[in-house]
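In the two complexes that follow, chain A is the common piece, with chain B as its partner first and chain C second.
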Partner chain A sequence: MSIVTVQLGQCGNQIGHEVFNAICSDVHGTHGLCSKKENESYHDACKERFFCEEESEVPIARAVLVDMEPKVISQTLSMAARSGYWKYDDRSRFCQKQGSGNNWANGYSVHGPRHKEVIMNLVQKEAEKCDRLGGFFTIMSMAGGTGSGLGAFVTQCLRDAFPTSFILNHVIWPYGTGEVIVQNYNSVLTLSHLYQSSDALLVHENDVIHKICAQLMNIKQISFRDVNQVIAHQLGSVFQPTYTAEGGLHYSRNPLGDLMETLVPHPEFKMLGLRNIPQMPENSLAYSTFSWPGLIKHLRQMLIANAKMEEGIDWQVQPPSRLLPPLQPFPNRPLHFNTSIANLVILRGKDTHSVDLGSFRDPSLYTSWLNPRDAFNAWKTPRAFNKYEKSASLVSNSQFLLKPLDNVVGKAWNMFASKAYIHQYTKFGIEEEDFLDSFTALEQVISSYTILC
Partner chain B sequence: MGQHKEVFYPLPPVLYQLLINVLFSIVFFFSDNQIRFVKSALWYHGYDRPELYRLPSDGSAGSRELLLAFSWLLHRLSLLEQLLARNRVKTGDETSVSPEYGLEDGVDVRYLQWLNGRLRFQWRSLHAQHQELCKLLHKIHLFTSGSHMDQILGHFSVTETDLVRQPENYKQLLQLLESETMQLEAFLEWKQLEPVYWQWMVMNQTDFGRCSFLDSNIADHFQRPLPTKISSKRDILCCFLAGELFYRNLPYFFFFPLFFLFSLQVKTGGEELQKEGFSATARKIQESVELKLLDLTYLCAPKKNKMHGSCRLVFRSKHPASKTGFGSATEVIRELQMREASLERELKQLREECRQRLDEIAEGLDGVICISP
Partner chain C sequence: MAQSVVVQVGQCGNQVGCRFWDLALREHAAVNKNGIYDEALSSFFRNVDTRGGGDGPGIYKGKICSLKARALLIDMEEGVVNEILQGPLRDVFDSKQLITDVSGSGNNWAVGHKLYGYQYREKIVEKLRKTAEHCDCLQCFFIIHSMGGGTGSGLGTFVLNVLEDEFPEVYRFVTSVYPSGEDDVITSPYNSVLAMKELNEHADCVLPIENESLFDIVNKIHQMISSGKLGSTVKQNSLVTSSAGSARTVQEKPFDAMNNIVANLLLNLTSSARFEGSLNMDLNEISMNLVPFPRLHYLVSSLTPLYTLADVNVPSRRLDQMFSDAFSRDHQLIQADPKHSLYLACALLVRGNVQVSDLRRNIERLKPSLHFVSWNQEGWKTGLCSVPPVGHSHSLLALANNTCVKPTFTELKDRFMKLYKKKAHLHHYLHIDGMEQSCFSEAISSLSDLIEEYNELDATKGGPRTDPSRLQIAV
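On to the complex of A and B.
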């Protein structure tokens, strides 16, 4: 089972590169802390997922690189080749001379249709190299021009061309303070379009990752590269091989399918957030020890209190008691309690088999119409990840992103009400009506997540 | 209905054990209580004779009923064929279709949507897996093409390729094939003796009051010339049941009115008509019914559906030099039966036309009496 990664725009290409780097360094590291046989099957499963070997000396990433400007792609290609561990296929890229100028409509309505055939041919070729195509993993920013506009268009094309394949979109949520003036417009358009064609949206918020870099990684001058590396580490901790079934004998060959089946079967709820623990600078790892009960306790509190990282968790938040008969039709939950639809916990490292995950199977964590048997799943492997002796990740379909979504839609709506910058979009064929459709779609998503109980 | 004497078969436990073994191999649930298991499994398969379900739960009586149930399984489910098919050694590559699913009701619709989504995703995973299987099979078939002794096949199957790679596995395969051959031989022997078994069953079960499928009299009833006078409702019912038995692939609601009308006509018209007139009418009706039946057999014969069930996969290049079907024997038989029915229909039609033409010719000839065939 293999995953074809589609890297879109500057952001998507840079993060994609870091993801392959993280995966490769994890596989080649000597930190595995498990039997040789275990390590070998982990290695093989990882190779099958992300790389094809063909005749070349080093594995070639199963990826398609798309950008309108050549600069980032050529940098990415040469950096990968220099690593000596892996590389991109030179023929598997598409770039033009001119960017989308941060205009979503330009990427979606102009560049997309114009270059559809070439891009989809590249994707098709990459898909044909897989014995079993597990699906697509697209990486892009939500607020930019090429990545978001063209990305939304390409996702739609993927859905049309591969109706039975899984599509997971990884999107980078822009900084709240803003890099681009129309970022909220772009975000609203991207999210609403992706919600139609994608199976799940895995979201990383730049603000959150920035905080992690500052507070957990102790980085003073935070660069995009630092942020991207944290994101890549988190993604690697989810997508590196695991045993997805209790007592399974083989590493899962269907990572995207297993993930989707656990978290996003309901078409109204597709927003996934990601948390991991522990996260710290590499040189501090040697001086730290962790216990599973401690890690699990923290991770659970991060979930229910919607904490972005292990520092600054609000320990006061507790799930509402179901023993008390509710006076209203819905049990009255504290506002800051984060209700889940479904959660997936991934444990890597020593003694994972003995970890008690009962606290995640508490029915009060979940919406009333799903029981924990359906709503919770755990993947495990004894193989340690990226030098962490023990590590846990949480992929959650919950109210994690409700507030950021509400913010973005609110800001965009305010701008739209005064008709600001609309002409930049109508110029490329995105009309006011399209905006209204997008607003409506996202309001629906917000309302669905709000009334979870 | 009164209790039947347990004379011939004093060993219900043995029969229960037989049914358990048989049912267990074709049903997928199991209950600790063996008697209950037998009853529920038979119920699951649609056996609805109330006498069986009234049998004591300690298994002390009912060998006749059990034997009847066993025979029913033998007849209705093609039990032996099913078991043989299940245990068949598969040396070729096969493919099959997936079963259907049902959903509970009375739950939150969002939960149903969730389950539906999961099903959709599982189906997609299955689809991807299937595509992978096809891709790998294609690789094997392509790489081994021209290697097979059988010119029609041309290439190795997965099992054969595995044997080439690991020749030591052939012993195991040989053992399996030998045991399958033994089973097939036993089956052939059974097929020869089967009429004796049914005869014996009929002999022993004739005092069963109800028209059951076992009652060969019912079957005869249908093939015998029609009675000049329909005496009772029972006869109508028997006609109907016999029809249902012989043409159970046909929608029986089509039959019932047909038979019912027919008998009604006979009954009401019988008193008024002269004897000759009546038998002529009866013959006419009989002929038209038979024609209709033939038509129906032809129309309702199961459509050839190669995508259903298991079938052998053979790789063909773009220029198919020879085309050989790998259908099962039953499929071939079904097809031949279909063709037989249509040919017979055609024959009847042509005969009728010939007769008419002969009559016309005879009318034009003076002094010649022509007796049409």
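On to the complex of A and C.
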């Protein structure tokens, strides 16, 4: 099945480009350390998922590019064309002359309705090019105006136009400080709206990826490009073809559907975080070897201790014991223990069949209202990913994002109490009432994730 | 790409504007190597086919033929504009973009605003519409004027009103040159205060500039260069104040070095809207991020570095120095000290080879020494434009919405009151049609209100911070 990617705003387009690049260099640049036959079917599955060939010499990304200003898209298109390995369809883009000005209301209430028809036509055309449509993957930031506001609007339109398709929103969480002053307002509005129409939100925090670039990738002067390449690598490690437990001999047909089925058992919980291991500069890879038990042990501790990366994991954190009686309203769980709703582990490389994932099936990792057997899943492939002989990724629906969410809502609420910047939103028809609705919705989400046990 | 139109009014406005167009041409000439009319150029220039003589049709694609500034030049005397039309920039403007008179405004706001405003309204609207028709997406008007004289101050703020009526959707940025304490125009406090009321009510953003500050900066640069203190690392000329290498060189005039600073401010302010970068900052993001309440739209600016350094391979220490300098008192374009006042919001517009990690490092480093208002503790906005200014490897423009503008306003108010109490020169104003005593009292109370708003904010500085309690939901 195929996935149609919708890239929105500067961030969405810059990241989208790196994602297709990463996927392409994985299939073209490496042989995956597996049998020729294996590599071929991986290749084919990947092509079907992300590219269409048509009459063109190079594969064409199944993507729709949307922005309200022209600079980023024209740069993105020409960079892709210059790669020589793949390109975008020149016709599958929409841009305007001036951006949304970091104003969610402008993106959502003005640009959205005004350009709905053109944008949805492009999406429709792209969807028709797929023999079998698996769903939509949107990429956007939540701090700006286009990705966030127009992105929320377009997601709603996708939901209306394709009621049975899966929609996964990839959302970039802004740096804590320093890029857009109204970012917390925009984020609150985006998240609350996406929560209504999306199937799941897959989140990357810029602060976290920035740290990975500094500490694991040893990059001195970090650019957005560096950050985006790490994000693209992580996304590729999830969405490149794999075998699911049930799928048998075929590469999974429906990655988005499988993902939702595994990870989103209840519509109140749709915030997904992503961790991967190992992650290091390419030139160090040659000198490193990894064992599966070592990788799995680290990955599991990253999960339960909510570590953002391999370095600096708190090994003291352990799951609470089920045998002890609960003492407090939040029973016997130490506060820094990260409780899960559901987890998905993806293994790529040799000997994946023999890997013991029992430690992820431990019921004490999960909330008690779900059957632990349904709460964990693993996807595997013997085909190595992107020059890593072995690699493991974790997609987790857990308390990973509770603190960042609480922070964003808290800061936005502080600002809201002083009524600062509100006039910028009412100018485009978003009133105080709308803010209050969004705050209420997110306080609800925070509360739901907080009381998990 | 969206376009901007510059409206330069009065002597100061036109002289600063002239420097702006010269340096804008220089900047685009440095970036645009192939002579093709591109999107970046289109934001301030039209490309016109003049072969048929006169102002031919616009050309949107292909070779640069003749570039025309998207500008309207207004002055009520002819001297400055005539000089421009006879000077090296003459081809950039044509007669349809001018409005002049012969008798001047006599440093009287009322003459500019009431008399000429009434007389020239239709002509102004007509020319503005014409200029706007040449844009396919007009985003922003930049008014350049001085506050202390008569034409820029009076007619300039009249144009501001016209823009609001005629083009309510288009942003209005005003670059206002404030008079210094020892200004040679005796009535400058009246003119400035009367103009302030208009700026308070009708501008989206105001960039106040004080001549005293420009003067100090120019002096400091000259001292640095002639003393050779920085040894061989400083190039002979400061690219910020000199016109060296500009499109068309002529004899420099007294204000030129000072005006170049203002021109650079406008170039850097608009660079991210014109050129590509990894974190674009469109013009409409400026007021969105920096103006939390409609009237508090005065942005204090600072430019760094002020001189170019000879070696282009800049160690990060020097890059960090650029960030530190932007917050120091002697780099501000008004007499102000943002570090010891309260920030409502702050923007950093960076050009050149600077990455997001450089921004983060410097914000983290500087943050502890700055005070931000309680509801905007993280009030930073940043933009990264990959094209540096000509001759530099990188540059920074900081825009601060900061209570440090207040002294400029209170001093102005004091100077106004000194004259007003004695009713000095009032009759020059009151005999103009439409000018009443109430214009003065309303203007001064508008200014007092603004000062009071800053006072109230200042009073919160350093006080205890209590976050409002969070919204309760029924579980």
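Just so it is clear, the second predicted complex is superposed on the first by the 444 of 453 C-alpha atoms of A that agree within 3 Å, B and C clash if a C-alpha of one lies under 4 Å from a C-alpha of the other, contacts with A are read in each partner's own complex, and residues count from 1 in each chain.
Definition applied: a contact is a pair of C-beta atoms (placed from the backbone, for glycine too) under 8 Å apart; a residue touches a chain by one contact, two chains touch by 3 or more.
Since the structure is predicted, the reported quantities are computational estimates derived from the model, not experimental observations.
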Once both complexes are superposed via chain A, do chain B and chain C end up clashing or fitting? fit
Go through the superposed model and pick first if A:Q75 touches only chain B, second if only chain C, both, or neither. second
The chain contacting more residues of chain A, comparing chain B with chain C, is C
Counting only touches as set out at the top, which of chain B and chain C does A:E261 meet: first, second, both, neither? first
After the superposition on A, what does A:R132 contact: first (chain B), second (chain C), both or neither? first
Taking the superposition on A as described, I'd like to know which of chain B and chain C A:W315 touches: first, second, both or neither. neither
Min C-alpha distance, chain B to chain C, superposed, in Å, is 15
Overlapping contact positions on chain A, where the chain C interface meets the chain B interface: none
Using the touch rule from the top, collect the residues of chain A that touch chain B in their complex. 1, 131-135, 164-166, 199, 254, 257, 260-261, 264-268, 368-370, 374
In the complex with chain A, residue positions of chain B that touch it: 108, 110-111, 113-118, 120-122, 124-125, 127-129, 131-132, 135-136
Going by the contact rule at the top, pick out the chain A residues touching chain C in the complex. 10, 14, 69-72, 75, 96-103, 145, 175-182, 210, 213-214, 219-225, 227, 409-411, 413-415, 417-418, 420-421, 423-424, 436, 439-440, 443-444, 447, 451
Show me the residue ranges of chain C that touch chain A in the complex, using the header's touch definition. 1-2, 39, 136-137, 139, 276, 278-280, 282, 284-285, 287-294, 316, 345, 355-360, 363-364, 367, 374-382, 384, 467-468, 470-473, 475
